[in-house]
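The letters A, B, C, D and E name the chains in turn, as written, and every chain counts its residues from 1.
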Amino acid sequence: MFNFNIDFSGEFFAFFSLAICAIVGAVLAINFTKVVHIVMSLAFTFVALAGLYILLNAEFVAFVQVLLYVGAVTILMIFGIMMTKHDGEGQEPARPLLETLAAIGCICLFGILFFAIRNADFPTEVAPLPDDNTRAIGLELFSRYAVPFELISVLLTVAFIGAVALAKREEDPQ
Amino acid sequence: MTMLASYLTLAAVLFCVGLYGVLTKRNAIVVLLCIELMLNAVNLNLIAFSKYGVTPSLTGQIFSLFTMTVAAAEAAVGMAVLIVWYRNRATVNVDEFDELRG
Amino acid sequence: MLDNVPILSLITFAPLVGSLIVLLLPGQRSQWLRITAIAFTVIPLALTLWLFAAYEPSVGGAAYTEHETWLTIPLNKELLQGFESSQLRFDYHLTVDGISMPLVILTGIVSTMAALATVHIRKRWKTFYVLFLLLLTGIYGVFLSRDLVLFFIFFEVTLIPMFFLIGIWGYYGREKAATRFLVYNGLGSAAMLLSFLLLIATLGLSATDSQVIFSGNYDVLLANLTDPQAMANLTADQAGAAEFLLNDNMRWGAFVLLMIAFGIKVPIFPFHTWMLRVHTEAPPSIVMIHSGILLKMGVYGLIRFGAFLFPEQLHDWSTIIAILGVINILYGAIIACVQREFKLVLAYSSISHMGIVLLGIASLEEVGLQGAIYQSVSHGLISALLFLIVGSLYERTQTTQLDELGGLAKSMPFMSGILLVGGLASLGLPGLSGFVGEFLSFLGLFGSMKWITAIGVLGVLFAAIYVLRSILSITYGRTPEAFENMKDARFIEALPMIALAALIVLLGVYPSILTDLMQNGFNGLLEQLHTRVGG
Amino acid sequence: MSTSFAEYAWLVPVFPLAAFAILTAMGKGARKTGPWIGIIGTLASLVLSLCIAFERMTDNADDYSKSIEWLQVGSLKLSAGFEVTNLTSLMLVVVTLVSFLVNVYSQGYMRDDDRISTFFAYVALFTSSMLGLVLSDNLLTFYIFWELVGVCSFLLVGFWYHKPEAKAAAKKAFIVTRIGDLGLLIALLLLFWYMPDHALDFTTIHNVFSTPGGVISVGITTLIALLIFVGAVGKSGQFPLHTWLPDAMEGPTPISALIHAATMVAAGVFLVARTFPIFEASDAAMTTVAVIGAFTAIFAASIGLAQNDIKRILAYSTVSQLGYMMLALGVGSVSAAMFHLFTHAFFKALLFLGAGSVIHGAHTQDIREMGGLGKTMKITAWTFGIGALALSGIPPFAGFWSKDAILAAALDKNGILFAVGAIAAFFTALYMARLYFLVFAGKPKQDGHAHESPSVMTVPLIVLAILSVVAGFVDTPFKGWLGEWLTGEAPEHHGSGIVMVVSVAVGLLGIYIGWLVYVKGTVRRDAVSSRAPALVRTLERKYYIDELYDLLIVKPLRSFGKALQAFDDYIVDGVVRLAGYSTSALGRLNSRLQSGQVQTYALTALIGIVILALAIAGRRFW
Amino acid sequence: MEHLQTLTWTDAWYLAPEVTLSIATIVLALLDLVLPRRINRDIIGWLTLAGLLASAVFVVWLMFDFKDLEGAAQVHTLVGGSYRIDDFGNLLKLVFIGASAFIVFSSLGTVRDEEIPIKGEFYYLLLPAVLGAMVMSSSGDLITLFVGLELLSITSYILVAARKNASQSSEAAFKYVVTGGVASAFILYGMSFLYGVIGSTNLADIMSGMQGAMESSEALIYVSLFLMTAGFAAKLALAPFHVWASDVYQGAPTPVTAFLAVVAKGAAFAMLYRIFFMFMTYFTLNTDGVMKHDVFLALAVLSAAAMIVGTAGALRQRNVKRLLALSGVANAGILLIPLALDLTRLHSSVFSEFIYYLIAYAVMNIGAFSVLTIVARSAGNETISGFAGLYHRAPWTAAGMTILLCSLAGLPVTGGFFGKLFILFATVQTKTYWLAAILLVTTVVSYAVYFSFIRQMYLRSGEVDSGLRLSWPAAVSIWLCVAGTLVLGFLPKPILEWIDKLFELPFDMLVS
């Protein structure tokens, strides 16, 4: 079943290098112990993913990815790190049972996924996507996906209000 | 192996790595980040399908945009919660979240 | 005379009304509460006796039926083929016939006596009487209702008041006993419900042109059972008709579930341990109800649903049931012989006596079945009487340990005498009611299973042993000093004792008073059995 | 005669029942009037019984029976009724007469007892039940009264409830006889299902079993007969169920006379006589009855030799005499059995009442503590002597004739049975002589407290003594009519001279030896006990039967009960508890899982879904 | 671009309930900012209630509006099916709004400033949460469903953390964030595969494209279903995905716990039914293959596990909120049963079984939580012993609680009883006897759980002797819940007939 019938095209080469980056970033993140390192390596993965999106003709999404993840989420996390103390850093207590079981679970899950992916029978020809990626997305968003779009605005508002409400310090009642 | 399968496999790898991170990392912030990684894997899936799927469409990309937004909101709220907790307990280690148990 | 009076509903719900009235009375006036409660146990008793007087066995229960549609619940309409919709129908259906009649009367009598015996209750009268009356509604409902779901609901209704009555007014281990009671009986009810629903979904089927109706009405079930062809015709032209029908496996499943459900209530070995605790922990007046009536709900269920709905299965299993009966008899009796606590003696003796009932049921002969009912009624009266006395004794002596008691005949000759009467009735002395039930049950089974019956008869010997051993060690022997100056029964205590003892004698001397009631009760069953099993 | 007394026979048990009802209703208030109510009740019965009996003797009337439907179940009918035959009318007279005399006697004997009215109530109830038993026309009714007399016996044995011995004896009496009752009950069930039309009345039983090659197979017949006999064994104190009867002497002495000598214990004999056709239809059953009867006769008599309690000696004598009756039945002579029953009722009642009088006077029951009472208690001594002679079978007293009839019947059947009977007769004479000489002869051993009983007690003694003398003449080998009257067959008296000679000889020999030992002192009293102490001890301890039963039956049963109790507690209930515990263990496991570690939670979930997917989907792909 | 449908003003009418809630959220947020601190934030609570009721009025109005139209036009779909106004959604919306309204109402007057410093937010943030729940019950598109789910989830995270000064609250919230996030990721991952093999996120398209997808990549559909199952199981707290629930329920403020137990769970069910019922119907109508049975079986196993674990866990639990969480686990298992059963000719009343029990569950749970709030306050802790002697202190409240507990235990004659009865009847009709047996046995074991309260209330005497202070809204809502429970028990007929009349399986549930 492991018949990797790989067509070494240019796209594949690009994919392969970006994929390596993404995986390396992710795996490093898992192995690092210092939080900042972890954040940075994950940011690296996010960027690699943005590259993959471009490969997949999703330029707008790639742009948003960089903006949102590298720009917003990572920064948010770094703020978080700065606001909290990390005394115990670098000395993760060994939880061998948890880690072993987690590894087994994840590997099994991956096995199942991989098996299903290998078994799937995908069409080979690829229909072209609209050229003007951004515009097409915009049109769809405001027509067919208008309801979720509106909802997501509510969601963001709520998240914003909520985050503020939670994070702000209450003044002393007196 | 088609390109699609490669993308999907990559996404699966990232998803599982993210999951492993969620399960094992001690620092709460890292746990939140690993969730983001899982969501990113999903996004990769969606975008790959959007190009190579049965009926290629922009839907996948749009879906991933929603996902990202949601993920960001979730990260923000998660962070806020974490900060509140940190104020009370002065730690961000997940294994010290054990006041509620039994 | 009774044609236009919904007498069955009156009987069933009079206690409920009483319960509500008690709820509205001021809680400090214990006397008012007691009188009201007793009044509302007497009302159904009076109605029952009226019913008894007007009952004609030849008509069966047909004269006293109340039947209304209670609930119709729309089920499916989309995927049915050939019908537009289906619905689930539960009826409000009360009927009394020769089989339930004796038990209804028993309920009336024992509940009244138990209400009189509540003088021992020393706290929270109001709650007590509210629950007590609620319990009675459940019991009457069980014996009268002829819709499976209605029956189940009444059956469950008895559980909750019992939980409280044991749990609040019981002795030391009351909470555990109450919970054990609830869960154990709950499991029985669960098995019953599953079986009932299985029956409703298959046997309860009837149809109009456009609608399939799943009914819980006992009559519908019985009709479908006796005439399976009609049901087959009903579903013959429908695709997947087999889905509707009750196949053999389902039949057995439903039957076994019913056996378990009612077996727990009866209780059949090895499902009996819960009732030991109830016997020892519950307050005496409640044990009177429990041992006197509630156990009989199991017997009633076994006959009404086990024997009448599944005569073939029961016939196939009759040897097993008979063996279980014998196990009950001997197991209960032998253990009763070595108990040191009087209430446990009585508890195990109940197990033993219920074994005799099983023998009667296993016979599938009219004699045996009537014997089973007779034995139920008789045991109801006897155990009510014995626990009544236990209550009065405990109130005075503060113990029911056989080793600590003794010589009470000296200070309490009356109660000792009545206790002896009850004990003798319990060991099956002719001339008292216990004998008739035992004899008829043995007689019924002996025709088909001689050896098993003969072994079962041994129980009579052990009964003599445990009854005499325990009663003599209470009443005979030297009187401990502490008991020398105790007062005999007060009038209020003596009244129910005398009444119960008199009834026990009456039933022992003149059994026709009950058997005539049951005369036509089993015709249908036996006919069915003979046509289907072939003899 | 348009109506006969027999039609009113049902009234015979009703009188005492009414007396019982009145006495119960009056409660403790009837100390004075109570005895009279009892006496009047039994007197009425006695009168009516006598009328019935005389009517039957003179008219030779047909049996009269009448029954009502007691209970109908479907097509099966159970009836209750009464039947007057010669046999029953004889029994009616015996029962009512003894009962009446005992009532009279008790008025004196029980005078000082607090619960005298209760006593009379019980006696009345007993009399009523016993009469009901006698009158029953079918086996079910018979069984009902059979049990009732058992209960009355139990009540009266345990009358002095505060005495632990009385309590134990009452319990034993009831339970041991119940073993027999079980046999009867099963026999009843068997009969019900095997008899044509489920008939249980004695007439039909008689007809069915008398028909040769009848409808019921020999095996079943034997089984039924033996089961009935088990009932009789229990009630009549035959070996091996005899142990209760001597213990039952804990009851008041009049009760011993009435129930445990004259009437109730004879019910077993009466039962066998009543259902005799069943036994006749089975040789095995007959042999069993004869053997058990003979064995009991000699066995009990031998025990009687070594007892010291006056009432116990009489009790063993009763057992022994009942054995004679059974022997008679077993060898096929109903008339002899009933004749002995008849005479025995009088002289044994006499002996017991006499013993009661002795106890009343001497305040002890141990014969070794008595002596010389003959001087102070003349009437008692004389009447007791008559009774003893009757029992010993000395002519012309009643016992001689009836015992003679039995021995003759036995010899006719089997020499061994006869020999056993004769030896038993010797033992009987010996222990009676011992008893009589120790109690009435010799020097007084007490400080002259003994005094004669009041006339209310002695009059019954005299009446009974007269009866003990004359009763035997109703059926002598020379001129007898009782046998024919009872059985309706011509008397076949095998009364050979040998039997008479032997029986008189052993009787006299016994008395003579007794005289030698206990009066003359020629033979030392410990002559036997010093040479064979084991034998004597065995006799004193009644062959260790009680101990044996305790060891073989009671103890194992108790241990078995305890074991079952443990089984119930730890296995049956244990499974229930285990179910409860395992459910809560699952709950605890869940609590352990909720460790507070969110990552463990997620891990649990992950493992859960992986397992679910592998398990369910895996079925398809692998 | 000819296919582009856009949102019109007419469509906005149909969105009136949702729009109302959105506007109310914004307005109240602004109001909360503007209002001076000294003004009691209860006013926000009342206004929240008003917003909810207004929304409910619109829902009802829409339902009746449809009734005027004949036949199939009962369903209105917006912009190509991404949003659907049908009776499935409407009925569930009513349940969600009603439940939330009860929760808000009963917490008015019992929520204290020192406990929840962000009281204003606490009230009005319930509105977007309900909005999310409504969206989940009412959309025909995976994206919309997902956004609704996240709207509900994220709002819930905030609400759980509302007791800012209590570390328990934020701990619970963090646990909820982590499990909720992972669950969302799983659901999303499953959705992505579904999208991939069919090419659309629209449920109707998915239904029609299933045939082809099944042929080409059955395994992926499998994986997708299992990933979604896992995600939903975690959201619903089905065993063994339930472990978070106890912690979160315990840490959250009690009204929020009630909200999570009822509305969040109900909404997750709504979404699960929306997606999975489609599969079920598809499998039933088009295949008789293994996959159908596998999916049914997986759900049935989850349901059984939930019932067993929930009940057994609750048996040992002394903390009432944790106990109710575990009871919620068991009840989630029960609510899943209708879906897990075969869809056969005899059994297609999946929805009425589900919603009837959901209503009963909502009513009894909210009632129980309301009582708990008061009792816990008076006792000072949330353990079961706080109920000790309640009968002596507040007999009526104890009586009400008893009825609620009977309903939870499934004893007649209560809503819980009939709810379980119908579900049980369905299991019997489809001959899934093992599941019926588990349902029954766990129900009986749960007697022990719920009667342990009753034991405390009636059989023990408590340490506190003073009466119970009951704010009138709490009292009213408790008694409304009790009344509701009894009405559901005594009059199931009109309710079920109404549901039956409204609900048409092909239109309201199957997306076409």
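One rule holds for everything that comes next: contacts are C-beta pairs under 8 Å (C-beta built on N, C-alpha and C of every residue); 3 or more make two chains touch, one makes a residue touch a chain.
From a predicted model like this one, the values you see are computed outputs, not experimental measurements.
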Mutual neighbours - chains that touch chain A and chain C alike | D, E
Looking at C-alpha means, what's the farthest chain from chain C?
-> A
Taking mean CA positions as centres, which chain lies farthest from chain D?
-> A
Most central chain, judged by mean Cα position vs. mean of all protein Cα atoms, is C
When the C-alpha atoms of chain A and chain B are each averaged to a single point, how far apart are the two points in Å?
-> 6
Length of the line joining the C-alpha centres of chain A and chain D, rounded to whole Å | 100
How many angstrom lie between the CA centroids of chain B and chain E, rounded to a whole number?
-> 25
Between chain C and chain D, what is the gap in Å from one C-alpha centre to the other?
-> 39
In chain E, which residues are in touch with two or more of the other chains?
-> 143, 146-147, 150, 154, 157-158, 161, 164-165, 174-175, 178, 182, 193, 197, 216, 219, 222, 226, 246-247, 317, 322, 445
Quick one: which residues in chain A touch 2 or more of the other chains?
-> 98, 102, 105-106, 109, 112-113, 115, 117, 120, 122-123, 140, 145, 148, 152, 155, 159, 162-163, 166
Chain C: which residues touch two or more other chains?
-> none
All touching chain pairs, where touch follows the definition stated at the start = A-B, A-D, A-E, B-D, B-E, C-D, C-E, D-E
Chain C residues touching chain E in their complex are 71-81, 86, 88, 127, 149, 152-153, 156-157, 159-160, 163-164, 167-168, 174-175, 178-179, 182-183, 186-187, 189-191, 193-194, 197-198, 200-201, 239-240, 243-244, 253
Chain D touches which residues of chain C in the complex?
-> 184, 269-270, 272-274, 331, 334-335, 337-339, 366-367, 370, 407, 409-410, 424, 429-431, 435-436, 440, 442-443, 446-447, 450, 453-454, 457-458, 460-461, 464-465, 468-469, 472, 475-479, 511-512, 515-516, 519, 522
What residues on chain D touch chain B, complex-wise?
-> 591, 594-599, 602-603, 606
The answer for chain A against chain D in the complex is residues 98, 101-102, 105-106, 108-109, 112, 115
The residues of chain B that touch chain E in their complex are 8, 15, 18-19, 22, 28, 31-32, 35, 38-39, 41-42, 45-46, 48-49, 53-57, 59-60, 62-63, 66-67, 70, 73-74, 77-78, 80-82, 84-85, 88-89, 94, 97, 99-102
